[in-house]
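Next up, some structures in structure tokens.
What follows is a pair of complexes built around chain A, which joins chain B in one and chain C in the other.
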Partner chain A sequence: AATARSSGRASGQIRKRIGSYFSFAGVGCNSVEKKIYVHLNYTVPCVRLLNATHQIGCQSHLSGNVGVLHVLESEENVDWVLRSGPNPPYLVILESPLFTRSIMMKLKNGSSRVAGVAVVAPSANPLEGVSPHTTCPNENTGVYTENYDPSLAHCNVTVWNPLGSGLSYEQFDFPIFSLKDDNDTQVIRQCYMDHNRAVNGSTPQYPLCAMQLYSHMSAVTDTATCMRRNDINFSISPEMVCDPLGDYNVWASTRPINNTAKGHKMWESVVIAAARLDSRSFFFEVAPGAESGVSGFVTLLAAAHALRNATQEAPPNRTILYTFFQGETFDYIGSSRMVYDMQNNNFAVDLDNVHSVLEIGQVGLRADSRLWLHSDPVSRKNDSVNVRKLIESLQTAAKGLNVSVNEPGFSQPLPPSSFQRFLRARPIPGVVIEDHQSAFTNRFYESMYDNAEYLNISYPPNLTPEEQLVFVTDTAKVLLLIANIHHVHVLLNQLYKASPRLPSDSLFNMFSVPQVTRMLYGFLIRSNNSWFQQRIPPDFMSHLTDRPTNFYVGVAQQRSELTHLVQYLLANLTGSTANISQDNCQNQREDEKDKESKHMYSYVWVQGAAPPNSTKREGFCVRSTVRLSKALSPAFDLRDYTSKNYSTWTESRWKSIKGRIFLVASHDLEVNFPFTPQRQHMECRFNLHLCFMNFLRFLLTMNWLCTHCRKSGKLDAGIHCSFLE
Partner chain B sequence: MTAAVFFGCTFIAFGPAISLFLFTIARDPLRVIFLIAGAFFWLVSLLLASLVWFISVQISNKDSATQQKGLLIFGVVLSVLLQETFRFAYYKLLKKANEGLLTLSQEETMPISIRQLAYVSGLGFGFMSGAFSVVNILADSVGPGTVGIHGDSQHYFLSSAFMTLAIILLHMFWGIVFFDACEKQRWWAVAAVVISHLTVSCLTFQNPEYVGSLVPTYVILFLMGVWAFYSAGGSLRNLKLCITCKDRDFLLANHRPR
Partner chain C sequence: MNLERLPNEEKLSLCRKYYLGGFAFLPFLWLVNVVWFFKEAFVKPVYSEQLQIKTYVKRSALGLLLWVTVLTTWITIFQHYRAEWGEVGDYLSFTIPLGIP
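Presenting the complex of A and B:
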């Protein structure tokens, strides 16, 4: 119930004017409701999220917000909505260039006259950058706090996201929906043109075109309030009002680690190679996350694949732990949970085992073909933290590949990255690879425009999906190069010290470009493609869609499509085929008697490809070290819902999200069943008056009755009848 | 759209009928019983007509518009004929019941005259027919929107309510004329009632040209009203006496002690 998809019935087409005297179109399809309402098919709302101190997002009334349509032409036109328009409340239709902070703040301040906003999403990205995220992402839960170093806190040195307007983190009292620029929206515009346009300054006449949006959110105020309300157990079926955000982190190791024995592992020294999975935007479940998420983890997946072959030939003395964190957008849910688990001996290794951290951040854009290695200036001052060696080996690796890799050149804090949570626990050497020297080069950070088009993943026209799948884009080559650097660096660092004999092929082994191409296609264009289909179990087939993968982390109860995909891909890319039956494979064992393998390995039965002359797929078992670890903020385990150290983000629940348009025919727009709160204060006063009058009347009647009964002898004469006294 | 339209249309459609019920029928339990029985008979006629229509639509070709239109006309005619048949059946039933009531009761005179039965059963038919005509429209009128986004006329709710009012009153007049004609064996009057019912029902095919359907309906309503008045025993003299409160028989009959 928490993340119901958009509902809306199917009648969205305009019918021709019915001029004939016969208006019956067929059996059972003529209903009065269809004459009145046109339901919207594609409704993407903005939902309410809560944290320890605030609620953000949008809210509508329980019975929907009704407003007269108004298509906003310019910023000056907002005055019509807020002051001069004669038929408030208005429901404002915005084209996306007008969806800016200044207009939205004006609408927010005049919200008694604004019933809602509908934003028409364009089909192409805008030219100038737009980011609804804050200018300093995750500023309170990173490592740079007042205790650590006050001069670096709150983005004092570098503002990471200068284009950020902070719209995603504002609270609105009206619903804001996103509409696609398609036929339904054309119907809306046409309705506005036909009925609502003010001609030559005259007021538009009734009937007017109006829209009703439903997106009532159950949770209010903050996380502590809504979690407390979750626990109320008055009825047999208690109603939940919110759910914590979270999912699962995906991790794998080059050497098998015993996952059942948690806590410190003797003689184990681990290098964590981290990347972030998730992203977000202003609207619910619209999160293309191309540059902010996909570029990073696809690179890491490619590197993991390359290293598989190399590490099998010459096993390194340090294990590499590939970790893909979920929920990093919302105050580092995944990485804070992993660090917490490591500190509490709840993870396969602990912080003493961690040698260093290498994180791949946003690497997709590579303006002027340079990569930047960010490190933490505070921990570098400590001599035991040897970041210098890391950076040198990375630079050596890059030289061999003709890529320029530099440090920022001045003392700059780390950009928002999962590595910051590790530093919060203890100083560890680590580097974050990014494509920007100081502020983000990503102009659409955490916005709905951060999609394949932004990464220049474009295909020649007239390619079928299968042909697009294998078409090698420039971006694929870019990411490949980065993955190579990482691959080479790791090899240099680990293998060169360990054994003098280096297989030279593996150093410059250009692993297949098609891998990266297919991954980019699958995550950014269409997850239902043949390459992905061959690498997933049969029951996951139905979860693949024809749209780009959604990177929003979602609530903790629902495992997202993305986590599963990354898990299966990582298993295929770092694991090996095992000759085991399907039954044994699905029971995590090598044969019937095996009870030990499940501690070290995980097994997944993938459906594979169909041979050329048959339609039945030949499945096989993949043995790998891929595991899932829970990514739910420790604040919910500790029940500390006002925590300042951990993420406290929750998502509100709702009943129905839908919208419809219709004509309204009189001034009594507000008099609905039940009375909508626009006039509620008036009704309240009116009812109060009624109450008072009735009470007075009751008193007078009782008074009269009493005196009458007394006079006629039915009541004792001694009784006092003055109720008014 | 909204409460105003809902209440307005409800009172337009059912106002006169409810006030007739309250002032002339509600006090007498026997009349109430016969009213409800009449409503039930109308309901059964509708059930039969809809059964036939449903089956015929299922076996027809759903894509052909002319066939569907023809089917609709057939449905309307069949429904009207069935309603009148059931009115006749109810008349027969009431005649038998009246004789039975007479033998059972202590008094010498019949507790309820056939004229009163005609009025009451006609009103019963009218109530049920009106309810089925207009209730689903009223339910949709409560929401915030009004008809018109696809180009339909905006007066949909209002004209439906007025049509329903006409139908309810017409059923009442038809009942009176029909029973009177059956009593006096005047079969041409029965045929006239059936034909006027068919006419009114077929006039609705003029919609959405509401003027073309409502005005003739109200003309027919007025004419049927006058006919029913005369067949119930009214005359200009009675009317004048009643209006000026000089009709002693009426006053005596309706005098109630305090």
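Presenting the complex of A and C:
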């Protein structure tokens, strides 16, 4: 405004200059950005999760964290980053052997000088075990609390995950991303070598290579706070900041149970065969879960399939309920919800109907070819809880199959398992089958290395995906053996009570190793394969990917690919083909007038295979007893967000997650606009210049008006001109 | 508006209007009063209505000072302790920042 007080000539000059500036600003924006920044293609962040008392995970500033790149060479080099480096804050690049608890804790304590961390994920698993999970998983929501038995609480007897570093449950104030070890990462390393590396003891000069990571999380403090902020009505812009974790449990029964009539069912005695579906790792949506999840539920799927053929001839007098629980990693979301529903008459059966529980835990490794049967020492003391019989029949079943099955041999609590939530409600006999006697044999529990390579699922090179699909790996044989045991045990108990003779040969003929092979391939290597494709409905085709399935449970609103896959596979493996039209099938009825079948059965139209001469698939309808039941923690229905009994895990929401690298000039040359509106992304700084320029133009116009009008005497010098002066 | 052209009685009535208006929880009217009439009240040579105008300006200044103190204290306390107040803090806020307590 000071310069605007003027004679006509000066204002004309200014006007011309501003005009040209305007035209330049509009055109040059995007291509300049491309020349400055290199965007990262593969960004896997660590996100913030909250529970009743804590927040864990990572947080960045709203406008991203900028740091000068530094590739960490060793643990001693951390001191350079934290104390002596001349250009803080630094963005530390870690190779995976250095991603340990001690280094991360040091970086966390010096977080004013650390802008972020990027971990380069290796292409092969490390040699020694790494587990970011806690040493005692789910210690507060299992059955071993102070009330139940203080001497067994908090892993006093056995530390289940001794390699656990607890990194997944720490809170960091800077973003931590995971990078693949590929060409993009090589570009980053080269940038560091060229610009940032200190040569012969001299400090590197500007311009330096820098990286900016965006992973701003909206939720903060704990679940109660973020759920409260979700619900606030009168603020200007109501924003959801977090979502509860959850999904759906998948369950099926050998005999149809009326699902519409909830609550206790007379004369129904049910054996629950349980397995866990989900897994996690330090980073978001990276959860290969091979040994911790897949080994268990694939075995149960195989056993369910084998039992279908057997039970069709002679239905057992006890119904078997196959249950696949989701969300067990996060304080037993799925199993706590099922028990809660059973207690509140919201499920097809009741806790009184449950006779026993048999759970398949981590069984993929079998280091010394032995399986262990874990049971709860406290409830066994009660005579009415007959675990002895269960264990004996399992051992008999295993004898004929050349597998050694034992109890741990000393009084030990149950490992972390869904069965613990059933015990919390009432004492029920139950056994958990695992491949470890005391501590886990899984050296990568809940880590990104718990993948197909760890289970030794390897194929000879040069096999096409189709050939890999049918190649029988050793692991498949192992899991099948376990499925055998389970199957035979059940048969012994339920079918052959009267006549204990055991036609073992015919049982073997019913099993098919290819089933397990294909399932392992689909879940651990690639879910987009022909075997899966034949067993899913047509509209699910686009959800299959060329990567391994992700086993992270995710937020409750999104049903994960895994739950759908298990649902359809279970339907195909335990159900039967029904001669129904597609329209009737999709409307859950046998024919137009049928209204009763949907209570007992569920129908799914699968796309099937294409016959050899044509490309169009021939679909068919599968009738089964497979159902989904909601796996959302009861704490959210009860609105008790500080609950100690139920899982309270939520995942924060975020706006954008990305990263980019660029060369940064010295601090003096950086222009930091202090005003950053939250809802606009001012990618292009020229926008702000446009704003100022417009304001300047307005002032100029007013000034011209006033001088003109005053000279001509038309306008009385009113308020406008005095203001300008 | 240019005060120079107004007769003194109108100046006085304008000052009084702004002074009285400020009592309706409008401290900015008092601020305008003080700034606008400062010259009239203290710098110009004496005229008959100037004494009245002087009192109005002084009282406006006093009220303004009171408001400034109260508001500054409340704003400081709120900005500092809102995070610790938890639920109460959230219900008092119009916009809650994302990602920080």
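Methods note: the second predicted complex is superposed on the first by the 623 of 725 C-alpha atoms of A that agree within 3 Å, B and C clash if a C-alpha of one lies under 4 Å from a C-alpha of the other, contacts with A are read in each partner's own complex, and residues count from 1 in each chain.
Just so it is clear, contacts are C-beta pairs under 8 Å (C-beta built on N, C-alpha and C of every residue); 3 or more make two chains touch, one makes a residue touch a chain.
Everything quoted here is computed from the prediction, not taken from an experiment.
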For A:L62, select first, second, both or neither according to whether it touches chain B, chain C, the two together, or no partner.
-> second
Counting only touches as set out at the top, which of chain B and chain C does A:Q212 meet: first, second, both, neither?
-> first
Looking at the overlay, what does A:W605 touch: chain B (first), chain C (second), both, or neither?
-> neither
With the two complexes superposed on chain A, say which partner A:V38 touches: chain B (first), chain C (second), both, or neither.
-> first
State whether A:C191 touches chain B only (first), chain C only (second), both chains, or neither.
-> first
First, second, both or neither for A:R229, with chain B first and chain C second = second
Answer with first, second, both or neither: which of chain B and chain C does A:F419 touch in the superposed model?
-> neither
Mind working out whether A:L663 is in touch with chain B, chain C, both or neither, as first, second, both or neither?
-> first
Once the complexes are superposed, what residues of chain A are shared between the chain B interface and the chain C interface?
-> none
Touching residues on chain B, where the partner in the complex is chain A = 1-4, 57, 62, 68-69, 72, 136-137, 140, 142-152, 154, 156, 205-209
Please name which positions on chain C make contact with chain A in the complex.
-> 1-2, 86-87, 90-91, 93-101
Considering the complex alone, what residue numbers of chain A touch chain B?
-> 14-18, 21-24, 26-27, 31-33, 35-38, 66, 191, 207, 209-210, 212, 660-666, 668-669, 671-673
Residue numbers on chain A that touch chain C, as the complex places them | 59, 62, 216-221, 225, 228-229, 232, 235-237, 239, 241, 678, 719, 722
